[in-house]
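What follows is a single structure, written as structure tokens, with notes after it.
Note that the chains are named A, B and C in the order they appear, and that numbering of residues resets to 1 at the start of each chain.
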């Protein structure tokens, strides 16, 4: 009845581009509920974009547009990725849509966006969010079948996800920072389930190597379990592992950045 | 028919957390109108949060969620505060919900959020906004009675408001800065009515002691009543007294901060 | 059925003022679809505000409120500008509403907002957005005729647009920067059509004089047509000419600012 369409981008503070996309959606499907998921993504940062798209696993099923698109107007394809839960991801073929389905049962189908019937014309060569992706989401939300948009693609034909899941090697986890949040916490390519497999439990002391520094912190349940200003590692609110500072910023304290590698082990 | 649910937080620029909460609300009550009231609250700043919640007095009645919640996942309670106008405030028991009812006829009832039937499971220990508070607002907006959520609390059992109203002492007002806005103006714990009681009127010259500095400025109606770059004091747009600089920033000019005390008197 | 009402302002990150306006709109017209077009406008910047209002030409017809209003509460008028496409612009008479109709067939009618019947009372002298402009948009969206709001004004009685269109003089274009975007690109007072008239085409090399510097760059279709870090000039996504740096910021690289003048010619 009222399908959810989420919009995400690196357009920064609420900007005309976001409003334009929302207007285009209502023009095609006035019954849609448009949610602005995140527009504060760092410019051109496909790692963060991919991570943020994963978080839709924690809300009802929907149609999710992601516009972090440095290759707009070049040969890069536009794609629709359908996840097994029933969500659709719409955006550029640059990897930003390829990790969210890991939280939604996997990828069911990928289709190239080619059918100009579903474009808003004339298509700006630099704003496919408004003329290609948001319209595709709006048409999908009205029940247009994914097959109508273009030819099916095999996953190998698409740009790879910007990160793989962390691996256990000789008792150590090699992980990567895939997102920084507003509070200066960082999120890792380790899922809650994987953490359980690795045998880490509440109360463990964790040793960490990051940019040549050695850090030590407890694995806890929530921020308030350590003193103000102290580091902690915990399950985040979106299915992954987070490193934070209670009432402070891990990023400021350590200089950690999206893309940094980490080595983690139990003390 | 279309109840208004407002969401406020210190999550910063539009972020996935905000979108997640909005999605959860629509999943429970698709007829709700979700309004993002303010998400630029300074991190962990309960003073500013409490002040911002007051501003709902200037819009239609609704269900108001506030997620400034440094104690999330600890023993701090979640509460619903019903105001006499008919608004409901939902969030952590840290004081941030306790001042808004002053603008809405007072507190009618306070209830602890305990009934897990109204939670979204599993509850993340670090994101009660999504799993406890937003769902409570959505259920309340569908007509579920406040009593269903948990046991009634007396106001004395809850954390106190982070500020009291300013007082007149020996002809001087002792006030406190309770919010800074985007333009660098500051807002005080003095209501419009109280200002009238204090006998301050348009055209008065005001003397002010702030952080050891002595300031002087006119009480005027609007910014343009003083020259560019000059300080002024006026009724703000939300029921309190504001100190500003015309076309400039009072915060930048004076270093004033939320939590600072002021002494004010007529010249 | 579900009229689109857009809200724009210089209120910065999502703030209570924006939420308040949205609430007021729903109180008057619950069927409206409120879109937050842009709230990151630089404080008091009428040039940027006017430019941003133009971008509604790329979404469906609507009722567009602009609150960049340094003169609020003074003698400045509030106005409604109706464009020939059928859009209504509502805000202060300071020029910010006068350029958008250039993209919408021109101005059809201008009316002063005088009829207090459509105000929300009491009117704050410093927040006409909530008490005058948003309510006017909501009432217009319900079908109230523009004539009911006040007396008709001739364009000459209103404050002029903050910029004219660029002119060709002796084979050179004298242009002005009218907006900086989040990525550090700048937008000029040159429309796509005018660029075509000037005979500039894809592949041309452009010489530019800006703040005493001489710049050279190609006219291309999209960012990826030049190497990372290189300057380019192109048609933007909103009907005007943009100068950018691929994967970088033109503003950072050159110090360019809204209001700066440029001289442009073909090499």
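Note that in this section a residue touches a chain if its C-beta (ideal position, glycine included) is under 8 Å from a C-beta of that chain, and two chains touch if they have at least 3 such contacts.
The shown structure was predicted, so the numbers you read here are calculated from the model rather than taken from an experiment.
Asker: Would you identify the shape of the chain contact graph, picking one of line, ring, star, complete or other?
Answerer: complete
Asker: Between copies chain B and chain C, are the contact residues mostly the same numbers or mostly different, with half as the line?
Answerer: Both copies touch with mostly different residues.
Asker: In degrees and to the nearest 5, what turn takes the CA positions of chain A onto those of chain B?
Answerer: The C-alpha superposition of chain A onto chain B needs 120 degrees.
Asker: Round to the nearest whole Å and give the separation of the Cα centres of chain B and chain C.
Answerer: Computed value for the inter-centroid distance: 31 Å.
Asker: Could you list the positions in chain C whose residues touch two or more of the other chains?
Answerer: 12-14
Asker: What part of chain B is in contact with chain A in the complex they form?
Answerer: Per the stated touch rule, the residues are 11-20, 22-24, 26-27, 30, 43-44, 70-74, 124-127, 130.
Asker: Could you list, by residue number, the parts of chain C that touch chain A in their complex?
Answerer: 1-2, 4, 6, 8, 12-14, 33, 35-40, 52, 55-56, 58-60, 62, 181-183, 221-225, 234-238, 247
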